[in-house]
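Working notes for the structure below.
Which chain is which? They are A, B, C, D, E and F, in the order written, and residues in each are numbered from 1.
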Amino acid sequence: MKRNESTIIACDAPYEESRIVLFGAPYDSTTSFRPGTRFASQAIRSESFGIETYSPYQKKDMTDYRYFDSGDLELPFGDVMMALDEISSRTKEILRDGKLPFMIGGEHLVTYGAVREVVKKYPELHIIHFDAHADLREEYLGVRFSHASVLRRCHDLLGDGRIFQFGIRSGDRSELEWGEKHVCTHFFDFATLEDVVEQLKGKPVYFTLDLDVLDPSVFPGTGTPEAGGVTFMQLMEAMKKVTSLNIVGLDMNELSPVYDQSGCSTATACKILRELLLFLS
Amino acid sequence: MKRNESTIIACDAPYEESRIVLFGAPYDSTTSFRPGTRFASQAIRSESFGIETYSPYQKKDMTDYRYFDSGDLELPFGDVMMALDEISSRTKEILRDGKLPFMIGGEHLVTYGAVREVVKKYPELHIIHFDAHADLREEYLGVRFSHASVLRRCHDLLGDGRIFQFGIRSGDRSELEWGEKHVCTHFFDFATLEDVVEQLKGKPVYFTLDLDVLDPSVFPGTGTPEAGGVTFMQLMEAMKKVTSLNIVGLDMNELSPVYDQSGCSTATACKILRELLLFLS
Amino acid sequence: MKRNESTIIACDAPYEESRIVLFGAPYDSTTSFRPGTRFASQAIRSESFGIETYSPYQKKDMTDYRYFDSGDLELPFGDVMMALDEISSRTKEILRDGKLPFMIGGEHLVTYGAVREVVKKYPELHIIHFDAHADLREEYLGVRFSHASVLRRCHDLLGDGRIFQFGIRSGDRSELEWGEKHVCTHFFDFATLEDVVEQLKGKPVYFTLDLDVLDPSVFPGTGTPEAGGVTFMQLMEAMKKVTSLNIVGLDMNELSPVYDQSGCSTATACKILRELLLFLS
Amino acid sequence: MKRNESTIIACDAPYEESRIVLFGAPYDSTTSFRPGTRFASQAIRSESFGIETYSPYQKKDMTDYRYFDSGDLELPFGDVMMALDEISSRTKEILRDGKLPFMIGGEHLVTYGAVREVVKKYPELHIIHFDAHADLREEYLGVRFSHASVLRRCHDLLGDGRIFQFGIRSGDRSELEWGEKHVCTHFFDFATLEDVVEQLKGKPVYFTLDLDVLDPSVFPGTGTPEAGGVTFMQLMEAMKKVTSLNIVGLDMNELSPVYDQSGCSTATACKILRELLLFLS
Amino acid sequence: MKRNESTIIACDAPYEESRIVLFGAPYDSTTSFRPGTRFASQAIRSESFGIETYSPYQKKDMTDYRYFDSGDLELPFGDVMMALDEISSRTKEILRDGKLPFMIGGEHLVTYGAVREVVKKYPELHIIHFDAHADLREEYLGVRFSHASVLRRCHDLLGDGRIFQFGIRSGDRSELEWGEKHVCTHFFDFATLEDVVEQLKGKPVYFTLDLDVLDPSVFPGTGTPEAGGVTFMQLMEAMKKVTSLNIVGLDMNELSPVYDQSGCSTATACKILRELLLFLS
Amino acid sequence: MKRNESTIIACDAPYEESRIVLFGAPYDSTTSFRPGTRFASQAIRSESFGIETYSPYQKKDMTDYRYFDSGDLELPFGDVMMALDEISSRTKEILRDGKLPFMIGGEHLVTYGAVREVVKKYPELHIIHFDAHADLREEYLGVRFSHASVLRRCHDLLGDGRIFQFGIRSGDRSELEWGEKHVCTHFFDFATLEDVVEQLKGKPVYFTLDLDVLDPSVFPGTGTPEAGGVTFMQLMEAMKKVTSLNIVGLDMNELSPVYDQSGCSTATACKILRELLLFLS
């Protein structure tokens, strides 16, 4: 008899055989408005069994590929730096073994922990960032490491012209003004994504997907819903384009399951996860 | 003084004068993921008083027609065959009296109980099936009579080329491969519906509407929400086309009111019910 | 040390310097179906701190303008006339000081309390009304002052041809027939809004926005959700047009926060409020 | 085939054979804090099928007696007087036929509509009142007919020394001071109930049970929960005593099902209803 | 790197070293009122990390003992017999290895699957049954294998005088009359438990704990809440007594996490589970 | 016209005239299990208007005394030390003006911020601590400043024998062993409180009330509910005793309103707050 295992559906291949390695980063300590993303990875694991492994969109089946779910990090609430270190450490281990790290947040700040390892391996790293919020603040209530400043911190690592944001429809005026000079912010939708993808062909790309880029009607289960977002099919199209690039790390974050008691947001996150895994396979 | 009656709004005509007879089939015992559709018919009854009897879309009023709500069947949870027998029995009675049976599920399996009676009366029966899920499995966890296999069981009764599915966006690979050979599966939307309607002109048609064909943003109150569904207006257009056919039986199923505490899913189901009744009048 | 203040975000300018004055009318006593709009103004106040003051749509920031939130009226549940008097009284005071009254309902009946003051100052008043429901009944269950009859009561004050409704998709047949003769009802969307705006150029206009004009997928937090509504971006476009007119009073009503536990409806109402304030500045 | 009936469990005897006649008064327009009692009677009807008809406490079965559920009154929200008239009218009809009226609220104000008819038939009427709140205000926000003043209005009809309150643990200081002189307020529990019952032997008694007399742990589903209430078994004992008197009318009110999503409050209300009916049989 | 495991807290010892083996039986297909117990075992697993492994009541720590959580059975909804077979099979395996099976339901019917294996090994088996409901029906809506008849089916296996029920406060009259002759039903509380424990000293005992024996105030998260139940400390005392006997199998059932969104019921179930495991160690 | 103010009911006296000054500390960043206490102070403010200002327990009315609600601190999520500094700073200001600080948490860690100021003014400070959890860990997941270690950190400031805990029913074995040597832990209830109160007569006492000392049936709205707690009336008696001491600072924490959608927990917190304020007046 074996102990109870609980992986994301079809992500139970042997580690050695898996090119993509998933892990959860259940952290939301800097969330200023409504916390809850800490419950996302566990919710995705159990709810993933409510979807099929087959995608009629791609005509591919997860069971034909190898994925490994290495479970959740145990992150200390109340100490941001220690939490980020844990994330970097897991990312490093996966990269060292020549595999692709796929992190499931958590609040958006967790991206920083992954990016700072990925950029060590790929100094030419670019970031494609889907989000409703720019996340470019220098600080928030005096705090420099925060969900609201995570892309700014990533810019500290990568420098100008390396970060491409899409779907942005909320921000403080000053951060957006800063953004105009240092990153490429594409507002509201993915109209300009194709050009960016063309431009980044062959370069190492980290893809960070804040699920609140979706319209709240499609994805109410998030801490800071912003009306006017993209549809599920728009996101699908965009993910298809992004994943045609040389993705060297990625994450999906800001699902907060408790805010959507219908379970639709979690189910949609599971479906997006499946499609991402299949696009990358 | 009379006892408390509780029908769907404007469905309180005398049985004898009514061409359409509604009944509830509050059954969800084979639901594998999240049960709750057993509460649908009762919820529709009480919430239907929150909508108007008049449709500005069709410029028709329910009060100008005769509908009869014969209440809920008392179905034994834990015995699938006994439950299906009850459904067949009520369907038979309604057909015998020359009326049109309109069943409100319940999980999708209830359709089988109705179809197996309707096909006795109309051996040429065809099925138009709106759904997010193909429901074509030979069995599910060893069980042959299940929500996940209901259209497969209907195929046992009708044979090849009689079942037309629309809106499908989820399925096991093997059931979809089987479907390619035996039924007509139209994925994602209703683009090809017009042709099928043309083709079925004059033939007896059973219409089974799994409400999860709608996008979860529109209809979160269901057990297995699938992102990427149709809009309310797309469904309206499609229902208009289908009801132009010779409908000899129909059902609406998979509303699970408890999963949408806003009540919007139930309200939307009531509105769809009203529009269906008026389209058929 | 100062007492705890709680205004809508960025609506804490001195009264004297503010051209727009907001107030809450937390009343829902005549709501026949599902009450709860009484909690709207308070919810908007606290949740407004979850949005930014800057609008990337208009490239304007609330902090550059002056708004005053004068808090909620204390309205007596159970006495409609007394409640309407309180609303009229506050409206009068704001108009007297040459400011623009912006009321946050509450059920839609509160509009009557405001309109009857505004029309005293602007006898040429016209109303632009966005709503899913016509609200034109002569009475509802014997009651003449009701959310279901509020535009009819406004018609008592303004007369024929002064009320322009948009987005209507629900009504009793008789009220819609009455409406055909006395008001201008535009069904389903804003297709004809541009013409009406052209026609009303320069005239004093009261704008009443029943948020259930939005599709329930976008705005489930309301008492009587009606499928088939407009999208957030459609509403934005329409608000932009309306606010180009000579708006002399306005309200936003029918948010019922408890029916949307995800908080998205309240967040969306806050965003709409911000955009309206900026359009009017 | 018969139309769908929906009575409280085992309350479907013929009217003529029933000594106890139930009816719902789904009204909550004067509720100042959190509305929702309008949904109580309907919830009790459907949830009553989750309890047994047999009481192991009394060793009696509802099926051995005759009860009639005459359904809900259709009460106009927004017009208190009209609503009270409807209640009085139904009460009168039941009394006229020599039966015992048992009303299910609704907010507590509905009691007034019943009492004013009962007192016409029984001028010696006394009231036993279980409640957390004294409900003795002369007015509330300027309104004299309100849930907060209902026992004061009953005092207008009955005069001093006829009203006996138990379980009271909340009130405005002035109403409690008034109460000291005009009614018999027993605070916190039923310690003194036995004496009062002794005193009222043989006299006609109206029993009004505000379910919030129960501790919120037992009964969270109510608009104004007050910690420190009685237990279920304490209430059972007290009901047993009260029902040994000459009860000529009664009601049970202030269940607000939406505030207890576990359904326990509604289930408990159903059980109390069963026990009351059996005590009275 | 290892795959994600998810056991109940401190139940991750090697199988070989563990005397107590837990497994989940997530089945609720015969639940007639409100389903949801299928989610119990998974909820207990994740929420168990919210409690401590140390019991201040027993001054013992789970980490000093060996427990093994073998995960959930995959049970086919819609086929009762197949589901019971799976349960029996797992029970048999655990018994064969000389270990103590501890099943987490699921609806109460699952007990039958376990008991029929345990009685094979211990023909002298007795059952101690804590529950609000007698569960002694011969059939329910024509179905013999149902949550409402589970102890009756156990009686089929064990015969008269072997089943001792405590806390019962709900039942159909006829089943209770039957129970008087064939089982030992102790109503309402545990007053007589001590005597029964004395009587059963040394005999093999199966302990089935339906958590709805608790008062709904303590445990609202269950399908059929019954007011008037026992307190947490009363249950603790009773469990201490029962576990002093020769327990050869046990289960805990009828937690339905979705009905208690506060999470208290699940947390309480976890605490009861911890105490039971420690009492048995 | 004045800006919208929102104080706790009857806490709107001028600062100068108030002996007790309340403030909110909406912080929950170190909460390891379920966050949400950040919403407590705001919820208490708005819900406090649902209770009366008069206490029938004490026969005193809040309107006869002077209380000042200075609003919420703006605390930076993600930086514990900065947040604690803000709390200390507000506490210092209140103490400097000779007033009694009454903080409303927030998670329990906020107590540290207050205590470290209070002990500067009152070096002889003792703490009376009501809680389900001992909160005595040296660290939690490597973090020393955490809700799980707050009393340990207070011990760093006060030393042995100064902290008296009551109601404790959960803890890690090692922290409880540590506690035996350094603090006075009274398990489960208040049986020994009277002696402690006797012992502390005249000494300066800080009172920290973690509301989860209450049984979850009474107070489900908290992050880490622990069955087996005290009743509301037991807490009332205990508060009466504690407040007879020389209280020089106090707080009430760990209400997490979102986990109790019935609102009862928040209402109960408001009532406890009223009683505390009146006991202290």
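As a convention for this text, contacts are C-beta pairs under 8 Å (C-beta built on N, C-alpha and C of every residue); 3 or more make two chains touch, one makes a residue touch a chain.
Given the structure is predicted, the values throughout are model-derived calculations rather than measurements.
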From chain A, the most remote chain by mean C-alpha position: D
Furthest chain, CA centroid comparison against chain E: C
Chain F against chain C, contact positions shared by both copies (same if over half, else different): same
Length of the line joining the C-alpha centres of chain B and chain C, rounded to whole Å: 38
Multi-chain contact sites of chain C, meaning residues that touch two or more partners: 215, 217, 260-261
Pairwise touch network: line, ring, star, complete, or other: other
Chain D to chain C touching residues, read off their complex: 28-32, 35-36, 38, 74-80, 82, 109, 140-143, 145-146, 258
Touch list for chain B against partner chain A, complex: 33-34, 168-173, 176, 187-188, 215-217, 220-221, 224-228, 259-261
Chain F-touching residues of chain E, taken from the complex the two chains share: 49-52, 54, 56-57, 61, 215, 217-218, 232-233, 236, 260-264, 267-268, 271-272
Residue numbers on chain C that touch chain F, as the complex places them: 1-7, 12, 15, 21, 42, 45-46, 68-72, 93, 261
